[in-house]
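Below you'll find the structures, each written out as structure tokens.
Both complexes shown next keep chain A, but they swap its partner, so chain B is in the first and chain C is in the second.
Here is the complex of A and B:
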């Protein structure tokens, strides 16, 4: 018998975070990820952790900031409008160089939008959001199991680089149920207490001070250069991609998350019709797997970006392939999710029958 | 209760994600197919943002559809994050000419929502079945199953009629898991004086699982189609 259990995505990701060593969660409810805080509220006290339902998303992210400064594994989760409210805090946390994990179960926007699945917060996650020159590592799982596994990496990467790591899913991954297995359990007692944490002086000759405020221009520029060097190192070493049916592919779909999963069915259908189609699925969307995409320049005759947004992922594909591969795009918004046949129809419309 | 007839109410309760909606839907479809009785299917689960019973209407033959009355929150209210029941609910639950199948919400809080209709429900013949999937988190020990049942009983303020063993990992389900789930639910039933009324398997794995079950488990098997596999059916027609 397997060790699997049947879980809803939003619950499984919460358990995945706890197995990854998360002991502190601060959040405010919003559909479609309410099962995450609900699950955390029940489970964290069982493992010696703390759950606080804050009075708002702004308060949540600042509680995360506080716990992160104490060097513990901490996270919050929300959905699009709630994540927008957290941007100031995310910028402060990034500017302070402390680690945390933020999950966004993206829903239809802009504004309050609706609670249906979407990927329209892509640019907010990978390019901007808050103020200043900062980056987050952004992980985009395509299944509940992958999300659970990636949470271990999310906390490790956050600690290693002292960065905000975002896990972006769409509402579908949060709401669907799948069998899942928890392969790794991190022993939080074995985690090294960081020497920068603000948990008391303990006889040290200096006080640890964490702040994103640096009034002196030279000091702030030096800090920015340190951040940039760190981001360059992350960009060079941490990008990940899944390449599916790409060995002999003449065309590729580029998609991430749930959209990539639906596109896999498109690839199988297309191949049954004799179209040599493959799938390039970024697992990290920042750093974007640019080099992995560029490998196919010369091999593929076209790449169709598919997303639940309007030309957001497409921008990164365009930058990566720099006019060297003919590009197509198909996207839906407002919470509409296209099926595999609709993706195939868009492919055939833009690239002919692919033969 | 046996085969439900006009005026009877069948309530399905259980922990979140145990399969109540699927079983309610299967029961309604099967009554429509095999009898001439009109059926009301009421969805009182207010925490289910991406799944609506109404979307399943195409599965019902056109003639049978006339005998099916679906009650669920209005679409415009579905996503307001405020638990609402349709205003016609009380009248629908009082009907004496239809079978009423009620999919109640998860765990004690969800099932508490039906407690307000207690008098209406107990006026007629009724049965409350608790659906259990022992492969859901926190359902893996006898003590936890007992706690779950105690919470649901307290929340519903109705007597529980029987238990439904719905242990599964979707398509990955093995015979050992179905058998172990049956045994765990049987042990719960024995300690609480409740019968198991069904062992549920899906057609995806029914053939490989059923021959390996113990005779007691096998005689209770119901093969139910599972509808809520969103990725199998997703398309721009899907309303969330």
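Here is the complex of A and C:
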């Protein structure tokens, strides 16, 4: 059925989203992800979808909100400063319980920062951003192929839980070219039409209303408890991790996305030198694979968190392992991407020669 | 004689028959009633999705029997765009106050108008932020006292009021732009006729439409309902002239 094609990441991810059933895309230009909206603008009309260039990221996410209320598969993408502008809308979408997908090609910050690869929006993505008690499912692919595959899961999870699903990548994944295979094509006509959507009554015996406003305190608390129950279910069932060379590992690197891909080379180099190093790579960063990490308590003598940020991922590793496993940290900022040797040097500096 | 009786006035079917939260003498109720009548008369109840604002009309979805969504402050035109694009056959309107549309949401309405897609905006101009207690709005008149212009709106400090229909009428996108007043029976009848044109501009697929409704806010104006109607006629209409500012070919 499918064959491998050589594609640029930002375009392959767009095609992955379309194969996953996305038919509506709203976005605003920002580097380093412009190839995604550009691809959507020419490709979506071919599959009966619509692309809209919005006047701002604020408008993009609210257009997504509108389309999500209609029960269609819809997404936007942006990069760090633009994602910051979308936080209000993400909170409203979460508070209304409608599904959508948001991709963030993270770049160096804070502020305008630069357009180089970074992971400095981790805490915004997994812990905060907008106002109120809400969570998103956050998927962190480490390659173009994984990103394409995860887009199918992203839309399925969004629909299943009526949540915002974020896909976080960086300019490195977006700008490089790799062979990619589109294994799944979702038939949008076969997707179940939700009964909650505001699509016009068309004979329905009641009006559907979508709102995040609940002035009565007891009503809003009850809704929050429903959301919390849903998040607990997601946390219990949807966390994912790749465990690489962990069977006999005495030490582990914890890293996700681009940083994890580079750290794999570090693991191979270390093992060639006789250091029993493995890699724990969260694929979902919310829910964080806490239990999967805790499995190695007692086995590993140390864990080094590596990230393109300053102690953001480290917070979750610390919550999972603190006091049970000696922890180290190595991170770079401003769009600087360390190589495998720099990671190994950091490991040896903090944990000795692994013996 | 019974067979000669006929219904000449009734509650619109698209009206949910609830007591509204609006203050006595406020014209939101009049605007709501006109929308409900038009949705009935134009047989739109099955196709309608309303997008409600942040402001006094934030609970608008409680009062109608058609589908509704509640937007973030100022973002109703963007949300309406997202809804309309998923099903262009539906009838989508936003209902927004002056702070919502002409301050925090100015970008969204200008670009919705510039895109020219057939959605309809009902814009309630009562010259202040009613829900939050009567602060200055972009439409507050010069000299008008509000809770944030206690000495009256001064242009050196607060700038000048915005005439939104006149601004949007400069664009090529809109099909129909008008300003009406809800101060009197004759103007309410005219308001309904202009709203009908705005609805038709969408139904006929001609383009974006907007009707600004000069409205009262007796509570924050600290006037009686009757005095509020008189203020519209004497002061508000002097700055905000009634009329049609753009009528594209085919708008009926």
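Here are a few things to note about the model shown:
Basically, the second predicted complex is superposed on the first by the 353 of 355 C-alpha atoms of A that agree within 3 Å, B and C clash if a C-alpha of one lies under 4 Å from a C-alpha of the other, contacts with A are read in each partner's own complex, and residues count from 1 in each chain.
What we mean here is this: a residue touches a chain if its C-beta (ideal position, glycine included) is under 8 Å from a C-beta of that chain, and two chains touch if they have at least 3 such contacts.
Bear in mind that the values here come from a model prediction, so they are computed numbers and not experimental data.
When the shared chain is aligned, chain B comes close enough to touch A:114, but chain C does not.
By the document's definition of touching, of the two partners only chain C reaches A:50; chain B does not. Looking at the shared chain after the overlay, A:274 reaches neither chain B nor chain C.
Once the two complexes are laid over each other on the shared chain, residue contacts for A:63 go to chain C alone; chain B is not touched. Of the two partner chains placed around the shared chain by superposition, chain C is the only one that A:72 touches, whereas chain B remains out of contact. Of the two partner chains placed around the shared chain by superposition, neither chain B nor chain C is touched by A:352. Of the two partner chains placed by superposition, only chain B is touched by A:335; chain C is not.
Judged by the touch definition given at the top, the superposed model places A:128 against neither chain B nor chain C.
By the touch criterion stated above, A:209 is placed in contact with chain C alone, chain B being left untouched. Overlap of the chain B and chain C interfaces on chain A: none, as no residue is touched by both.
Those residues of chain A that touch chain B in the complex are listed here as 1-2, 4-8, 11, 15, 31-32, 34-35, 114-117, 171-172, 175-179, 258, 261-262, 332, 335-339, 341-342.
If you check the complex, the residues on chain C that touch chain A are 45-49, 51-52, 58-59, 61, 64-72, 75, 78-87, 90-91, 107-108, 110-111. Chain B makes touch with chain A in their complex at residues 16-17, 47, 49-51, 79, 81, 133, 135-137, 140, 168-170, 172, 174, 176-177, 180, 228, 230-231, 233-236, 238, 240.
Contact residues on chain A toward chain C in their complex (touch as defined above): 24, 26, 50, 52, 54-56, 58-60, 62-70, 72, 74, 88-89, 92, 96, 198-203, 207-213.
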